[in-house]
Amino acid sequence: MSGVFGVSRTKKQDVAKLAYYAAFALQHRGQETCGIAVNDQGVFKTYKDVGLATDVLDKEALRRLGEGQMAIGQNLYGTKIQVNRFNAQPMTINHIKGTLALGMDGAIVNASRLRKELELKGVIFHSVSEAEILSGQLIQARLEASSMEEAVLETMSKLRGAYSFVLMTPQKLIGVRDPYGVRPLCIGKLDDGYVISSESCAVVAVGGEFVRDVRPGEVVVIEDGELTSYTDYCNDKPKALCSFEYIYFARPDSVVEGNGIHETRMNLGKLLAKAHPVDADVVIGVPDSGLNAAMGYATESGIPYGIGFLKNKYIGRSFIAPEMEERELLVRIKLNAISSTVKDKRVIVVDDSIVRGVTSARFIRILREAGAKEIHVRSSAPPFIDECFYGTDIDSPETLISRHHSEEEIAEMIGADSVAFLPVEELIKAVKKPCPGLCDACFTANYPIDPSPAKEPMAKQVLQRLHDGD
Amino acid sequence: MSGVFGVSRTKKQDVAKLAYYAAFALQHRGQETCGIAVNDQGVFKTYKDVGLATDVLDKEALRRLGEGQMAIGQNLYGTKIQVNRFNAQPMTINHIKGTLALGMDGAIVNASRLRKELELKGVIFHSVSEAEILSGQLIQARLEASSMEEAVLETMSKLRGAYSFVLMTPQKLIGVRDPYGVRPLCIGKLDDGYVISSESCAVVAVGGEFVRDVRPGEVVVIEDGELTSYTDYCNDKPKALCSFEYIYFARPDSVVEGNGIHETRMNLGKLLAKAHPVDADVVIGVPDSGLNAAMGYATESGIPYGIGFLKNKYIGRSFIAPEMEERELLVRIKLNAISSTVKDKRVIVVDDSIVRGVTSARFIRILREAGAKEIHVRSSAPPFIDECFYGTDIDSPETLISRHHSEEEIAEMIGADSVAFLPVEELIKAVKKPCPGLCDACFTANYPIDPSPAKEPMAKQVLQRLHDGD
Amino acid sequence: MSGVFGVSRTKKQDVAKLAYYAAFALQHRGQETCGIAVNDQGVFKTYKDVGLATDVLDKEALRRLGEGQMAIGQNLYGTKIQVNRFNAQPMTINHIKGTLALGMDGAIVNASRLRKELELKGVIFHSVSEAEILSGQLIQARLEASSMEEAVLETMSKLRGAYSFVLMTPQKLIGVRDPYGVRPLCIGKLDDGYVISSESCAVVAVGGEFVRDVRPGEVVVIEDGELTSYTDYCNDKPKALCSFEYIYFARPDSVVEGNGIHETRMNLGKLLAKAHPVDADVVIGVPDSGLNAAMGYATESGIPYGIGFLKNKYIGRSFIAPEMEERELLVRIKLNAISSTVKDKRVIVVDDSIVRGVTSARFIRILREAGAKEIHVRSSAPPFIDECFYGTDIDSPETLISRHHSEEEIAEMIGADSVAFLPVEELIKAVKKPCPGLCDACFTANYPIDPSPAKEPMAKQVLQRLHDGD
Amino acid sequence: MSGVFGVSRTKKQDVAKLAYYAAFALQHRGQETCGIAVNDQGVFKTYKDVGLATDVLDKEALRRLGEGQMAIGQNLYGTKIQVNRFNAQPMTINHIKGTLALGMDGAIVNASRLRKELELKGVIFHSVSEAEILSGQLIQARLEASSMEEAVLETMSKLRGAYSFVLMTPQKLIGVRDPYGVRPLCIGKLDDGYVISSESCAVVAVGGEFVRDVRPGEVVVIEDGELTSYTDYCNDKPKALCSFEYIYFARPDSVVEGNGIHETRMNLGKLLAKAHPVDADVVIGVPDSGLNAAMGYATESGIPYGIGFLKNKYIGRSFIAPEMEERELLVRIKLNAISSTVKDKRVIVVDDSIVRGVTSARFIRILREAGAKEIHVRSSAPPFIDECFYGTDIDSPETLISRHHSEEEIAEMIGADSVAFLPVEELIKAVKKPCPGLCDACFTANYPIDPSPAKEPMAKQVLQRLHDGD
């Protein structure tokens, strides 16, 4: 999962600033690297590095990016790759037919194979980024194709995986969403142009008006203020939007496929309350991502909602955590219970998910010390049982607590009075508007897109080798 | 308002790390500068600079601070002074009788006079910090006094103002709270020592056990693991704890004078609901500080509580805000309405206060655009009508919207359907446990401590002159 | 002109440190970027950036590079390319047959053509560096070749230009010098391995023993402590070592093709004295590069040598020079005359060259103000009349003062009593040991290697386009 | 030893830039910290930090300093004090009668006593800088005095030691030189004002005209473009200019007390040749400071002068030196012999001094390896036998090789064929113009100013204690 954004206007102006605002709006989608490429009549300037938008994009960076008609931006979420500036996006590349800049969200399952094919032609790579492999494929296709649109369509026939990307050429801004629609992508309108964004919240942040989602398999091309759509890969087969976008990834104020994220999380909480009711005095959520579902649980159950935790908002990437022996302090520094909410109460704690159970064990301990009488943990995500090959970095399967343990066992392991997960079959009910189907592979091991190439040992080995450069 | 912290243990160990955790726990009290001083058997090491704890205190800083038996830390809130490293605290000073380090919260009303007195003896100052003036007075008193405790008591007879401070000498950790108790200060216990902290949340963050608040006028001295209390300035006269600590400053999970902050803010919301009820569909709070009172309002009124806003948590000090012409974008980048919560609803928005009305006007516009049908603004603070001389940096009196306008006028000015403030006489009711009285000067212009020296033109002039050095 | 260095040892050890020392020893050859790549049993780590060795290579960089059996380093001299980290060398690339790292000195005349050829196969480039084009060619050749040596020899058949490079593969360290021998390259011996270096001074700096120069056209391969030589491109045709290496580039303590640089510069000064004698009281040199020839001039003429200037050694890259109106100050800050040496004297000033005449005019003014009675300027380089296509960044031809002016005219233009240059036919006489012939194209416009591809407008356009990425 | 500079002009302009140029011109006098204070009609701005001018004073620093009528600058040489930003100068202090900024060169022998006196009045210090003690004394005196001049004269009656300082008040620039004239100080003229500088080279660097040296004991005051001189402490007693200024400290192009430094060092070399002749083939100097005397030795002896060493000019403060076991590499990296100059020759090596003999042993080894047949070391300074209390940081007495060893013993210890020092009685002969006498205490232990207070154990202890703050 990452964040992508593109803007195309008819006049030269401060498009870098819009990409900058979008980088803050989409920051939750990727915190490893970020960057912006600006296009002023075919002249591209790119600035990118490791870090948050606030670290990388300072005044000097914006000054150097300058003005233009188009810009794209990307926030990278680190999955299986070494985080360094060479892997940062956008990938800006001068090729024989022009220049392109590319920012991508998702994961291409057959990336290693595609890379090998290109390398056998002598193509050289400077990163382990799938965005560079994708760029290589686009350029390879562009050698024969009569336009970049054609090259994109040709390339899509070879890609297998979950991908939403924005592509900038000297004249065009192109947005692409994979045929399964695993990752979101939407279109917004400015008074003199368009934006393309991973989520609608960035459309709002740049003062645009939300138009619609890009359809699974659709290619949209914006040129001279006009939007053209290519639907060659769109069809009516069942789609597979990542269910974790609704559960955790997307920002609560975004609307994905017509469904407000906050509202959908409230629904998850309501369904959870129906499926796993328990008599209690207060419902609290684990901040920040458990709060919306907690409120849904409270609403459905009629049990009062309370603010149970204070999360320290100043703890960032550079915080120096306690040594092993004092590890218990860490959670106390990050999270503290609000005693008046939980003392002598039977407490329902709603979290968005339980992965290894370690975090749950810690907040349970805090609640116990603050005087909670009973603690019932409810997860708005179903139990994780397998890994994701489409861009989400879940722990390795063997560490997933639900893979080998029942709810009762987990309750005992983490010190809760009870634990319950949303049944996987309830997931889809939380989504009110017709949507392109949900991918629930991490809960069911039913993979909509064959992940086998990504599992080949060769692929791992290549990536390993490539990690060592800087 | 600032944050102070001190720790004294009997054995040499990583006390800097505890001060470091405390700096994160008290970060909300002061974000201009921060620093730590460590004392290892009388050898002091200090590290401090402009910025948040996360900016200033990196691994190298902690390495250089080393280990010791004692440490103090301070987070500075910038009030009327130029923020630079020379004003950063702790102030560590080698004087003829030893070394001291001092970290202070509050404001000394007669600071300029005290400074002038010292300067007439040839004392030189390197900052415009009141902490340096206080240090100068302590050292002056120490020349005659037989101990630092005696010097502290002697100095208190000359100080007028709101102050809580921690003072470290080669052998002792001393905590002092002014006789009116304007700023909070509390004591915590470690297995082999004590901590002193502005708020109880830092006691928890370092793994300590809360003991009690320091009494107004009390001086506590910790030496060799023993705590001694001097109560020369403690008496039963009405006290004046800053009411804004309950309304806004203190962290929700802290307990001040026996009252949980979250609970007290809930109470403020309940009293507000009783005083200013209105028929509506949902109660929302302005994040983060309006949420607790909003929940109280919802509880009391029976109107459902909702999550109405998404606040972008990545916008920090270095965010490059839009130029004037695009200023409206700024609030949209920082705050977005969650449409499903407010659309077609009659909305009560609870904020902690209304100062100039500009922020309120902005979030009202966002709510309108998100489809709110009616917007009723409720402030859990009474109307501001005058300035604070005790360390809170409220805008200059003439910009305070309530100074010259009624609730009806304000509603029209900011675009709300109605506006109402908590009546000032209700404030005290929110505080359940007996507390040392509340200072409500900014709402009533009744100043418990004569602020006249601070108003003298001389003082301003001196400060102005001193701003120009670096 | 740039500096390259490689080391290959039989045991894992701190080879990065040797490359680090070499980066300082060869710093004079390139000050734009620098970098090191370390190879530990096939795992490559690279660190490089814009700046001097002292800026780029700090403790953290060396720690991250770690230990290994081999390392290469490069100091980049910026010619016609934008200086940024993407152009920094070594170029470390993972290709389908392994990994390579490459550091290059010189200029490939047909680089644009080679790049276009590769791009037409879909190869993508991330820089405007000729080293990346060379890498691309090597990888292309390696696809078919059975070894990297074979790929190198195949690639040399396509390269036209002046190049000396070091190439590191998982098993081998390879050193290559172009068939004309335009740039120097030499071999040194360690107790357990070899080093390859642009100049012998780096061999000394790493504690090695100088073995011999690499022959023009030779390829040397070091593997498992054994050195193998491929001489396919070595022949007896006249060679063309850049004469500017002797005049200016190389370090005085280096020995190139058997000729000590200091001694050769002394010889240039002696020949200059014979060719252009003048009656005077003192001979001074313009520091630092004019000092050696000045001493030769003094020795030959019998006129006493004096220290005429003090050069400020603290003025570096970041010095903020005076604004236009105070430009005259700049030279005074950088260079001051030593009055006692020149006052009331007839002074001969020896410089290594006169390009535009601006610098000469400035130091002449300084000498006049210090009381020099007569000033006779002597240049140990012949007059520049045309540009260099082999890696030296001389000003554009039209700005070369000697292209359109006689010695008399120049003397008048710069305010000297007389000006004289070393006659171009004398150059070769300064070089005592048989050497591979000298390239004097910038003095004669006789280009030993056809530079026409570099002059094609296409090439310039491509480079222009590529400048804009970051 | 440090560098000080002051400028006073009648109109507001870019005086910071002049102080900036001076900081580069005087950089050789102090490389630990540097800083500038600008005075714009009584408003002072100061910028200072640890490092060279090139590190500390960047564009942003100059922008923040802004314009003014006056500025002072200082380059600090670290002697016996911890180098940190709190000790950096200028010391800018707001006192009850105004503001002052002070930059000092030298050492005050009774500094600890003066500090103690002030501390007993309650004065607090934030550094271990003698400049802060001096400031404290000036402010103390200013409380009673009717002007700063009067305060300066009053303070001089209490100071014992070697000091030259510049002092800036809202209206005046004041230059002070101690009655013994141990440290140099001179006056220059601008078209609309004056400069005061440690050395004349900075007068030239800012485009000024040298006027004269400040007399020992003189106080010069510049106000409104007029210079006034106070000579209360000037008298005809024997003076004591530090002889090391002529031998090593001052820049070769400076003129101190009428004597050109380069010329004086030539004279030292000539006297050395007369005192200690030896039959040889070439005379070389150890760069950079041995070169001038070497040329004098060559001139006097008639033996040819040669360039014997190449010094790597890129090795700076941040160079990471080899570990212990490879220590021998270090000298080879810094310094390399030029073989053609010394091979098979009898070599005279002139250095400015021999302290512990370690450096000498190293360059001798290098010369031997380069083939030198005989090596005769000559020192243009007499043998060091005792420490300096006036600001020069010579090693502790027991490490001085000449304190316990004869020339013959030293020759054997360092591996030279012979070693000889300039006889101390010859020193004065090198100085042609009448000068205020020379201090030769480090060669004779005859201290012109009683250094006893500096030897008191109390003083050391206080300084030790103060080292620990940051």
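We call the chains A, B, C and D, going by the order they appear; numbering starts again at 1 in every chain.
Here is the rule we go by: a contact is a pair of C-beta atoms (placed from the backbone, for glycine too) under 8 Å apart; a residue touches a chain by one contact, two chains touch by 3 or more.
Only a predicted model underlies this, so the values are computations on that prediction, with no experimental measurement involved.
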Relative to subunit A, largest Cα-centroid distance belongs to chain D
Per the C-alpha centroid definition, the whole-Å distance linking subunit B and subunit D comes out as 49
Taking each chain's centre as the mean of its CA atoms, subunit C sits from subunit D at a distance in Å of 37
Taking each chain's mean CA coordinate, subunit A and subunit D are separated, in whole Å, by 61
Multi-chain touching residues of subunit D, meaning two or more other chains, are none
Contact graph of the chains (line, ring, star, complete, other): ring
Contacting chain pairs, sorted by label, are A-B, A-C, B-D, C-D
In their shared complex, subunit D is touched by residues of subunit B numbered 43-47, 64, 85, 92-96, 99, 116, 118-126, 132, 135-136, 139-140, 143, 465-466, 468-470
As the complex stands, subunit C meets subunit D at residues 17, 20-21, 24-25, 27-28, 52-54, 57-59, 62, 201, 204-207, 251-253, 255, 260, 262-263, 266, 288, 291-292, 295, 299, 304-307, 310, 312-316, 318-320, 322, 326, 328-329, 332-333, 336-341
